[in-house]
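Submitted below is the structure of interest, expressed as structure tokens.
Order as written gives the chain letters A, B, C and D; numbering starts at 1 within each chain.
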Amino acid sequence: MSIDLSSPGCQLVLTFVCQNRPGIVAAASTLLFEEGFNVLEAHQYDDQESGRFFARITFNPVRDERAASVLLEAARAAFVPVAARFGMDWAMRSQAETRRVMLLVSRFDHCLADLLYRRQIGEIPMEVSAIVANYPRSTYAHHDFGDIPFHYLPVTRETKAQQEAAIWDLVQSTQTDVVVLARYMQVLSDELSTRLAGRCINIHHSFLPGFKGARPYHQAHARGVKLIGATAHYVTPDLDEGPIIEQDVERITHADKPEDLVRKGRDIERRVLARALAWHLADRVLPNGRKTVVFKD
Amino acid sequence: MSIDLSSPGCQLVLTFVCQNRPGIVAAASTLLFEEGFNVLEAHQYDDQESGRFFARITFNPVRDERAASVLLEAARAAFVPVAARFGMDWAMRSQAETRRVMLLVSRFDHCLADLLYRRQIGEIPMEVSAIVANYPRSTYAHHDFGDIPFHYLPVTRETKAQQEAAIWDLVQSTQTDVVVLARYMQVLSDELSTRLAGRCINIHHSFLPGFKGARPYHQAHARGVKLIGATAHYVTPDLDEGPIIEQDVERITHADKPEDLVRKGRDIERRVLARALAWHLADRVLPNGRKTVVFKD
Amino acid sequence: MSIDLSSPGCQLVLTFVCQNRPGIVAAASTLLFEEGFNVLEAHQYDDQESGRFFARITFNPVRDERAASVLLEAARAAFVPVAARFGMDWAMRSQAETRRVMLLVSRFDHCLADLLYRRQIGEIPMEVSAIVANYPRSTYAHHDFGDIPFHYLPVTRETKAQQEAAIWDLVQSTQTDVVVLARYMQVLSDELSTRLAGRCINIHHSFLPGFKGARPYHQAHARGVKLIGATAHYVTPDLDEGPIIEQDVERITHADKPEDLVRKGRDIERRVLARALAWHLADRVLPNGRKTVVFKD
Amino acid sequence: MSIDLSSPGCQLVLTFVCQNRPGIVAAASTLLFEEGFNVLEAHQYDDQESGRFFARITFNPVRDERAASVLLEAARAAFVPVAARFGMDWAMRSQAETRRVMLLVSRFDHCLADLLYRRQIGEIPMEVSAIVANYPRSTYAHHDFGDIPFHYLPVTRETKAQQEAAIWDLVQSTQTDVVVLARYMQVLSDELSTRLAGRCINIHHSFLPGFKGARPYHQAHARGVKLIGATAHYVTPDLDEGPIIEQDVERITHADKPEDLVRKGRDIERRVLARALAWHLADRVLPNGRKTVVFKD
């Protein structure tokens, strides 16, 4: 039986960042060609401020002789010298490979429900390694988590260090690739933030940098803004200052009470977080200092 | 010749604000009915936080016996006792009456050009009482201001008080109703802000309260946000904190440089300012403390 | 124990439509005042094309002597003569009264899942009288419907009349107020459409009137549009031509395949349908021939 | 004096389309590297439906020894064999080179005014080769066209062939690169459409494919849609069916009359047309049969 080489299962994604200098694209694309690959989609971006060069290249094999995993290993091995020559920060993955995502949640479960639904219908390709909550299982009584492990890890000021240690243990024992704070209303410590650098995504319920901190919808109501928003960003030790992945807004009016903002906000939050996570899992988000490069098209 | 009573020229607008208590709408609408008017459109809003009641009612005469100005005077006189009974802050105007607007501008003239164009084609009904700039006429060489008076009022730290006195004199001598800071890059003093309270509209080139102060597009670029915006608000002594009338945003990407934000921002600024001014002139914006009630539909 | 008169449970909503003539608002608001009510929010709109006048008034009792149901009956009885005088089509309801909604669904369950979630967290106040599907229960295996009755009513060309009769029986026996076609991929017959006139809402997965009929996302992809949308409308015998309640869009690019449009479309569909249903249940949507008046603020 | 090699004046843009097969990107980027260029930004897209491969690459010289025009000629000459090998449809241009744009207009001049303003402040880099109108110069009395030639070419059913011949003569004699129908309310003949294929952009005042043909805002009002839009597309003999470059929408309500739609539409039209033209001039739009590939970021 012949393999459909254009299927996502046969597509590989190369991403890299390095200082810009002549010859990068030529070297990378020549290597892919010589190794028997065909470029399907590519984005390259030169950040003139930092002098860094960002690339994302999707490609598939021209012939079908090798198994997907063999292909990937061969391509990775072949790319090592190119990456070394240009000092690249790089990764190469198969689009078929699903990563393991841990979902952290507090009392409000609309983002959790939304991500689980998108996973269930196959929209966001991921395995959920665990659901971790600082509220008991009964808070989510109406959810059927299937065979996803649920961990109730309550937290107080006194137990925070221990609770975070438990989270970190779970991340390691479940081989979690990505942690999502799906309206998890606890500030991670500097230590845990640093450990999860670049692979922990938070949804903040405001259009940052407006209304940082607590109760942003109440802040927005008090200020009388005409649009509210949400922001998905990587978690860093610097609270609400991590690199922004995606934002969106919706119009409100004077007649919207704080609870209306909360309601409208739920829709924004869940779609912004879902987009950010999907892009992250598709290797479309490359960190650039305090900012991100997002190759969307 | 019979008058078209449904034409905007025959429409009157009543707006009022008062403490909410039973009977307000009944009293106002009964009065209008008894005076021979027909309600065309009405908005009423009870702000449960402040206990204040806001209304905007558009109406026209049922019969055409009286001239527009007579009608208006009669309706005003008849409404006085109702307004007194409920302690209303109120106004009644003819939709046909165009107000006098002074445009203040600095080096960037895209908002100025836009407002003049909208006036010229009749989209925003207003008379421009004067254009005041802290740059010389030659900065706007390509503009034909027609018979609109242009005043060059340069300003330095030392001459600010004098310059503002000159602006205030102009406001009075030209019978200006509304002052628009159409990218006028000077902070008004507390004194002038207070004098123009409720009738001076500024366009701020950020989505407030994010990126207050100077060079907001550069701030937005540095922070790596994914949407930029603009905010039209009433000017108050508290800089960038005045009641917001309208805001809008547009999507940007990592590839947008500060100059791209400036370019995209121009489009947002001019449409946000134009909407805010048009709504203000149509008596659709009612101040509510630090916020506004905007009756849009 | 004293009742909180400002709570939604004490709020009543009056909606009416009639030919415009002087005195309508005066009569309605005077009646409400005399009956001991206080106006909280009001919208009135005069459609000059049709000459019809539309109103929605929210009000609550000034004193708390009577039970909510007694209040409502008294207000209704008092309003009868006013309604008769102006030939109004009218309704008066308590905001506390939740209506019974039947959800019809086919294979794609994202709108179903979304509406059930919004009901569960109390965002959309409704009772779900039944879920009716032309796919078996196993299609929705992952959903816990709780105590909501599920009815599998398969349909073929031959059995359509019978199946629709069964739906209609269910509507009646369950005292269903509103029927929602939550991606129910069957065209209702003229007969059933007519029976459900004004209380059956469909979500169409295109920005109507573009891409009527089947497979709209594939049509959109073939045409190369840059935005896709969804439309919630009342069902009428005239397919895809019913009065539009709400629409929204999202940006797409050349790189989006039909399956990407389907994915992006799910987000638009569910939020457009949820808004339309919420507004309908809040008596904010008044039919106006082929169109609707939606009092949003 | 040393040249700033990162300035737009030194940037070249290569665009090409060909059948996808392995080695394209490797060949193109290797050639650029060997010729002494550095890639700044690149987009590549493989359209799996048509099997065509689209690319846009921005690059600048690594060293500054040669003049810009010499560089461009050398790069073009060097690229010829690569283009031939892959059967490419291709173009290479300097970003500094401004193209000549002819603006056609009828009675409504908001798009004309907008494009002239954007050119004047340097936002859209172009030379306006001529303004052609089927209304006399006095229609635009308030506009100062500076040294841009204005041609009044009235048209009737009888004189259409002649008038179009005059337009075509002008296009040739003025060395016009791009023709913009800036609310030019005449349908071009098949002949002229064909002659201008791929370089004539129209703005249609509806969200195509909804409301094709005449008076789209009135159609939209009659249908009761909740959003209106505008569409910029390449002109083809098949009316309103040309490849879409850009679209946008704005929200309307039941209270908007046809004239309100016209007013709101002006804002949409002018920004959609400006974006489409700017992208076209920056070689960001590649035709793909009935559709377009737009490399935006």
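Throughout what follows, contacts are C-beta pairs under 8 Å (C-beta built on N, C-alpha and C of every residue); 3 or more make two chains touch, one makes a residue touch a chain.
Note that this is a predicted model, so its numbers are computed, not measured.
J.: In contact with subunit C and with subunit D at once: which chains are those? Just list them.
T.: Where subunit C and subunit D share a partner, that partner set is A, B.
J.: Measuring between Cα centroids, which chain is at the maximum distance from subunit A?
T.: Chain centre farthest from subunit A's centre: B.
J.: Go ahead and note the Å separation of the Cα centroids belonging to subunit A and subunit D.
T.: 36
J.: Whole-Å distance, subunit A centre to subunit B centre, using C-alpha means?
T.: 43
J.: Going by the touch rule set out above, which residues of subunit D reach two or more other chains?
T.: Expected reply: 41, 45, 48, 253-255, 296-297.
J.: Show me the residue ranges of subunit D that touch subunit C in the complex, using the header's touch definition.
T.: 45, 47-48, 207-211, 222-227, 229, 243-249, 253-255, 257, 288, 290-294, 296
J.: Subunit A touches which residues of subunit C in the complex?
T.: So the residues of subunit C touching subunit A come out as 41, 110, 113, 117, 120-121, 123, 142, 144, 146, 253-255, 263, 266-267, 271, 296-297.
J.: Write out the stretch or stretches of subunit A touching subunit D in their complex.
T.: The touching residues are 6, 20-26, 29-30, 32-34, 36-46, 48, 62, 251, 295-297.
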